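Below is a structure I'd like to ask you about.
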């Protein structure tokens, strides 16, 4: 049988590979959201905007400072992380004692401000960001042409995801983080400065978004709206994976990327909706998410 | 007590609103002592780079070129951002007509807003000149005696592109279509022309709206044996599709990419490496002749960018409107409309254009191909002409029109 | 030494921990009503009292992890009220909370390594394993998979690593079987011999009697009595009224 | 309701738990608890920390679902019922932290409990005035717990002890046959304790009360029967005199002998 | 006597009772009736539509404590239903509005059944996801005409009598609809049902322990809120003679949250004030070069950080002796 459900198997492999690429973006973004939610109990609506800021910082560095892709890969997440740190210290911190929903509303407002400001200054057409020379070109895999840069994106984001997972699950610092997620008061009573950890966690979470932004810059136009289109889907990914679950974020990110890829082949009209349908179903059946703990 | 305070607060903000309503002043020749043109445009959204502030600048240039007044009656220009929301556009248009005594609304990118403004203009019996929206419904089933569709429309894009591209020998097509009304219309119209020209449509894929990643669809297009991959998309979708098509080497694999709607500001943003060899249809390119170059140079000095065809269209629309008012000696909409329809359109962009009874402006359209980086000699040197299509072949003939104004035999 | 004398000595500046007129609140519920306690270096002191008497709240007040506090808590002369909660343990106070506070997302080893070392002279992991042999070889197990007694050992063990000189032990025998309680008792006595100062919350006063120097009795949010261990037998009737059913 | 004909302490079994067991992730919080509460008595549940009192309490009121075992109320199996439905049968609980509706007035707090039998709780088109008839009864209940001067204050403005009183008034408004009180004296000062204990005694007339409470002197004074729990199991049961002399209970409270 | 006033006072700006209240209500009504002679009617109608929408939303967040982040689905969805019924099927305006309200109510029932079982952030997320599905459906279903929307909807004659194409007639009809909706909300808040709802908002476990099946009350509140949001959306479709995607976007859901937050959650007049301010601001900003989203976002941030009670809530709070609301 040379056709599988009307699709040549080779095309199917290609689509699965593409799904994996998108999935690794989802994973990177939802990982940041999950880390933040686990520690701060805040649904960070500004995550998409900060992803966009990451891409813009890379573009600004290139345009005005002559700093290329590799430099931006380090600097942009750092800048975004610092922005996040400042936001947490000055704004978010005031809301921990009130309903978590206010955190959601605050970050929603922040997202509007970031997107609006960049749109005001740089327009919406988007700015071009070249693929770095080292990663230009591609390889013909037989069933598809794989641009080298896309390969790099998968590798880099998987590396970062696994690195983050390792840091959280296998290091001392990660142990602090897990413990503080479970019982911040007790961790505080052991002499660990939990408020600083919370700030750093937020900074780290949004730095991951910034990194994703840099990785995305050469693929998509660097545009003020690039985050808001993506964020709700990523949101859904985190909810499906289980709010606050690290592994859940990574696995569901990749899984939904694949699933969405398949939908694009078989029924592209539904590919926008498929993630939300799954989210609704998962929430009904397993409200804590596939990998989440009941909190 | 508290209620008074709240009442006062509400009253205060409502009054602030009211103050923007000027008293009705009675002018001599023209209705309220001035000629007021409203540029309703997109200052913050998807289309703000290709229209937006540039449209306003173009309108100002047109007013200045006209001397700023007609027979001593000043011409006033106001503008507003419709935020791509039909209701905001509609309420702005209503307020302009009802309260601010605006005589004409010009520009209106975004078909949904334009269709709403078309209705309101008819009810208010004023003039609307649509230089930026695409939907050919504006002179089709939604046509009114008060609206002109100035620059282009989906029908023309489809026909000119399909005809010119098939004529240049590329006859097998594959569509990448935005999954909403605009995309559907473009694909349907273009496909029909391709087939009428003995070309073949080998397939199409519907791309969900706001989908940043096109790789999956591009891969499906690549797998098709078609020679032409046509992008029936707009705005950010087109940009991302083009950028990713370059990344996946669609051009190298022998596909010709045709963008059915692409403005020069977008080509500029994407850069030549990504856009080279793409074919596109436009009624205007800055580097066509001395006239276009002269206008564009002035425009560039103001905006630091070359004008898009939308913005050039705004200039033409404002000029033609002012000319008609002057000729008619009144700003009453029926007379002005009549005069505009009777007057041929001639400016740097339009040669021997005409306005049809359904409100359609007929002009020549041109198929261009984007230059390679090597071919480009200077900044903004982006296009080379492939072929021009004369006005009468570019636009929908009246015989096919479903405009109620057009009497069928 | 007569009861009064001891209390005075404790109050006259040699106290390691000196709590005076401590009031504490959870939201609007006023749980501590003027607590006075003094603990000297090297002492083991218990807080006895029924459920809800304010023993655990006193511990939490010392650690700075309850809502509002007024009065004074001095540790080695330093005032703790108003100090950032994470700085308090760094002065050398280790806290073993009620219900042990073992983290389920951490392995036994990670739980053991979690509290940062705050002073020199803490016990090494082999030493802790020697004290609590049950913990040996269980390093990779999820913390909460241990039995209740083992969790208690882990909770105490992890504090010993930090080098804290004063240890707050909140009901280490709660819900444990007698044979396990015995093991915990052996360990606590060993700690005492090593010179640790211990403030112990207990309902189980027979357990407390085997290790403590003095006993404070709390009722309804304040201290109602102080009984030196050697006078326990003489005060059994009083104790029964305080603690018995 | 049906409390009128009840006669003192000789009643039958109104609430019963059979083999009640609750496991949390491998940890057994409540093990094979068999409990019988006689109609018309005050029954106290005591035990050291971590004995599982609160868990038993939440199981009986259906805020938790038992892993095993059955709960019978007036001979009827209520194990699978929802908490709200249990309340409708006449068994109403209070909470450890004061459970009032802070931004409703004291009167409204009580009235919310009174209005359900009217059957208009879903009537969003009816006026609040239709609840006027309930005022008299509400004020009576408020009077009964000495809150009359506070009747038109928001519950949030009450001092802590008064909130507990309001909570009891609200519970009484349902005229429950069984009241389950979860640490009704927790967090109270001396002054409030006596008053509240007296209140509990007063409202216990013609009712069954099951309570979890730490204040043993109050428990000793009020209760007809005391059940002592330890480590999720029943250690002893009986009147105060018997329970307090039980060596196992003494051990549970005073500790095991010298190690 | 004191009981009686206290009963209603802490409720917020209740419009009933003693003669000053009657007077004030009268004055407000008079103001509303005269407004179109001083102000631009379409603007006023827009304010009224959004005010009703915000009031409907507030019924849920303010009086049942549920944050729906997907209310645009009801507002915008109902607008499509009304526009389609009136334009394509030639229904009368009143029938179109009824259909819009009923459709939104039905959607609310489905959403509610799915979402009500979860609380807090989860509730917000589920409603967001469901409304995003409605958005994509509106984008892709043929009857909505995609991004063009349903245009040129005839206003028609109400009950065959009143010609709605006349701005003043339309205005008074919209005013009547708003007042009707507002009165229903006011009645709901001050009904036996409203009492239970507030009790659930204040302390759900306690309400359960008093024998209330809280899920059913929340569901009814959700359906009512959805239906009224639908009424507002349907009315807006008639006013502007179009139904477009704008009204189903999640940004619109965010906007109604802002209106309510700004005016004051849980106060009856707050959402009206909030809606009036936001609509005024948006129409003012439209003709300036200030970036609208930035301003809106900044207001959001300021409200969340400093004015969680909102304008009306803050006013009430500062009034002496009126309870701690």
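Per-chain residue numbering starts at 1, and chain names A, B, C, D and E are given in the order in which the chains are listed.
Note that in this section contacts are C-beta pairs under 8 Å (C-beta built on N, C-alpha and C of every residue); 3 or more make two chains touch, one makes a residue touch a chain.
All figures in this text were calculated on a predicted structure; none of them were measured in a lab.
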Contact distance in steps, from subunit C to subunit E: 2
Third chains touching both subunit D and subunit A: C, E
Label of the chain whose CA centroid is most distant from the centroid of subunit B: C
Centroid spacing, where centroids are CA-atom means, of subunit A and subunit C in whole angstrom: 44
Subunit A-subunit E separation of Cα centroids, rounded to whole Å: 34
Inter-chain centre distance, subunit B versus subunit E - centres from mean C-alpha coordinates, in Å: 36
Shared-contact residues (touching 2 or more other chains) in subunit E: 136, 140, 291-293
Junction residues of subunit B, two or more chains touched: 44, 179, 208-209
Contacts with two or more other chains, residues of subunit C listed in rising order: none
Pairs of chains in contact (touch as defined earlier), listed by label: A-B, A-C, A-E, B-E, C-D, D-E
For the subunit E and subunit A complex, residues of the former touching the latter: 67, 69, 114, 117-118, 120-122, 124-126, 128-130, 132-133, 136-137, 140, 250, 254, 257, 261, 291-301, 303-305, 308
In the complex, subunit A residues that touch subunit C: 172, 175-176, 178-179, 181-183, 185-194
Subunit D residues within the subunit C interface of the complex: 25-26, 46, 48-51, 97, 160, 183, 186-187, 189-190, 193, 214-216, 220, 226, 228, 231, 240, 243-244, 246, 249-251, 253-259
Residues on subunit B engaged by subunit E in the complex (per definition of touch): 1-7, 9-11, 13-18, 21, 43-44, 78-88, 90-92, 94-95, 98-99, 111-112, 115-116, 118-119, 123, 135, 137, 142, 179-182, 184, 208-209
For the subunit C and subunit D complex, residues of the former touching the latter: 26, 28-31, 33, 50-52, 98-99, 144-145, 171, 173-175, 178, 181-182, 185-186, 202-210, 220, 239-240, 243-245
